[in-house]
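By written order: A, B and C. Residues from 1 in each chain.
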Amino acid sequence: MPEHVSQSLARITRLGRRCCDVLEALGRAGLFLVQSAFSMPSREGFRLWLRQMHFVGVLSLAIVLVSGLFIGMVLALQGYTILVDFGAEQALGQMVALSLLRELAPVVAALLFAGRAGSALTAEIGLMKATEQLTSMEMIGVDPLRRVVAPRLWAGFISLPILTVGFSVVGIWGGYLVGVEWLGVFEGSYWSNMQANVTFIDDIGNGIIKSLVFAVVVTWIAVFQGYDLVPTSEGISRATTRTVVYSSLAVLGLDFVLTAVMFGGL
Amino acid sequence: MKRSKTMEFGVGLFMLAGIVGLVFLGLRVSGLSLSAPTETFRLEANFANIGGLKPRARVTMAGVTVGRVEAVELDTEWYDARVVMSLDSELEGQLSRDTTAAILTAGLLGEQYVGLSVGGDPEVLENGDSIRDTQSALVLEELIQQFVSTMAKG
Amino acid sequence: MTDAGFIEIENVHFSRGDTDIFRGVSLSIPRGKVTAIMGPSGTGKTTLLKLIGGQLAPDSGRVIIDGQDVHQLSRKALFRLRKRMGMLFQSGALFSDLDVFENVAFPIRVHTDLPDAMVRDIVLLKLQAVGLRGARHLMTSELSGGMARRVALARAVALDPELILYDEPFVGQDPISMGVLVQLIKRLNQALSLTSVVVSHDIKETLSIADYLYLIADGEVVAHGTPQSLDVHDDPRVSQFMHGEPDGPVPFHYPAKSLYDDILSEDATIRVG
């Protein structure tokens, strides 16, 4: 057999092996999600969940709110300069609210969440794995999926939508500050245009569905990366980076798909 | 266990803030009113051309919003557009049979909506009836074409 | 049934990837004794403990604890069996989000419904046994390595298990805490009539507490016997390990061709290049 034939055969084999690896990892991750997310809740579990809500949700609040404020202000400023050319600056409220609710709040909050809470989750669980805490828990007869992973998953699932709502509220207020207080858009038209054009189900509801999807994906990636990493210090740092990269890509890609389904008439 | 009490309080506050935020978005931003969704009834209208009219567009009467467009579809019998509207049920049995519907544009480039104006017929429109007297959307290109051809003739 | 050990490991094969770690290991661990499993680093001693604890499954062979085949048990039965085992990990593996008291209380809270006052009494007794009752409010990050291992020991015996597995208990300890640990393991074994399995390569300390030794190398049991009998064993591999000789059957040099050839060939390539 000529050499280049056998070489390309080897290449195809490598490709196949790569695909199998990816599929296997996906399968493991899926099983992991189902096993841990749907473990039986208990009183103890509620306490653990509360603790994680504090770490994952409450401690991310500051960064999310500050970013929301700035993004709302920038939106108002940018939107004003464009709208004023058409004499349509009274549509500012509508523009700010719609861009925040449909797009920016779910996406930016999810990206911030991946950086702030996701990487911390990966590092924390990774450290627990590296120091054999997960194994020792298993030896004591406690399932670490239930005790360590499940509360973190649920805390993430619930925190991010709340953070997204906070982001929108603060952003709309930031837009109000810049548009009304500073640039002099009439206050009544800021709110009334918003109210006339924002619908609860289609805009707010879809935004929250988006953020729920992002919450599941980001938390899942973060926790799984922590649980599945190579338990060394290098492994932890790599997994942390992977968490941020994978979740950012997943959020942006899914955002396109969700937007196409929700608003694109698909 | 003092530390965990403050933590619990923090989480509680966080959840509460989420709910309050959602209520704010609902009431203040999307203008949702707490009253039950109003009863509606349906009317249909056929237009030769609807321009850029979209489902969920407003239906107004003397500038006051009285309903919205539910669906826009092609009527294969006449090959024109059938617009289904849902209107406040207060108006059921109030609109005369010769009510006209026109597709209007908010501002020069604004969105399109349906404007209703009442006629004088003693008979009234009921749920599911069709408005016969309609006025299609103004399509800017056609308007310009007309203008150019009259200019050429003149 | 007379002389069957508490743990019977029968002809266990285990491989990770392409490397065989165990090629037919059989050993028997008697009840109420301290059995040491020794061998050079990288021979899979920790893996053996994981096989006993049911965290890994062998490719073939059986691990029987008190008449139960560990790897045939349902998940529930396995967790029930683990309740009767304690394990001391190399790093201590204390839960970093709990303080010392809660760490020791953890297995008790998980497996029993005892009232808080009783949990407290038990925990304080266990901490007293390892001499750290005064340290109960410290967080685990504030403990020294030796203290962490003592707390881990207290946690391992919190439920009064029948069997304790020690994974390298002496590694990285200063002489004082080493002495303390040796004392503790010996005392606990006698006081609670536990069955202990110590995995280690610290010969002196292990010999001083072990009743019986197994020596593992190259995936097999090389020798076994009482400490005295192994000390005078005539297999060169055994005596090399037992006396810590730098060269012997386990070579000092990583496998390579002879130095003479290597230098010459190196020379040759340079000349050609």
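Following the convention adopted for this analysis, contacts are C-beta pairs under 8 Å (C-beta built on N, C-alpha and C of every residue); 3 or more make two chains touch, one makes a residue touch a chain.
Everything quoted here is computed from the prediction, not taken from an experiment.
S.K.: Just by CA atoms, which chain is the most central one?
M.R.: Nearest to the common C-alpha centre lies chain A.
S.K.: For this structure, I'd like the pair of chains sharing the most C-beta contacts.
M.R.: More C-beta pairs are in contact between A-B than between any other chains.
S.K.: As a quick test, compute the distance in whole Å between the mean CA positions of subunit A and subunit C.
M.R.: 42
S.K.: When the C-alpha atoms of subunit A and subunit B are each averaged to a single point, how far apart are the two points in Å?
M.R.: 35
S.K.: Taking each chain's centre as the mean of its CA atoms, how far is subunit B from subunit C in angstrom?
M.R.: Roughly 75 Å, centre to centre.
S.K.: For subunit C, give me the residues that contact two or more of the other chains.
M.R.: Residues of subunit C touching two or more partner chains: there are none.
S.K.: Would you mind listing the residues of subunit A that make contact with two or more other chains?
M.R.: As it turns out, subunit A has residues touching two or more other chains at 51.
S.K.: Considering only the defined contacts, which subunit B positions touch subunit A in the complex?
M.R.: Within the complex, subunit B contacts subunit A at residues 4, 7-8, 10-11, 13-15, 17-18, 21-22, 24-26, 28-32, 56, 107, 109.
S.K.: If we count contacts the way the header does, which residues on subunit A are in touch with subunit B in the complex?
M.R.: Against subunit B, subunit A makes touches at 50-51, 53-54, 57-58, 61, 86, 88, 97, 101, 159, 161-162, 165-166, 168-169, 172, 191, 194-196, 198-200, 202-204, 208.
S.K.: Along subunit A, where are the residues that touch subunit C in the complex?
M.R.: It is residues 51, 127-128, 131-133, 135-142 of subunit A that touch subunit C.
S.K.: Enumerate the contact residues on subunit C facing subunit A in the complex.
M.R.: 50, 53, 55, 79-80, 82-83, 85-87, 89-97, 106-107, 110-111, 152, 155
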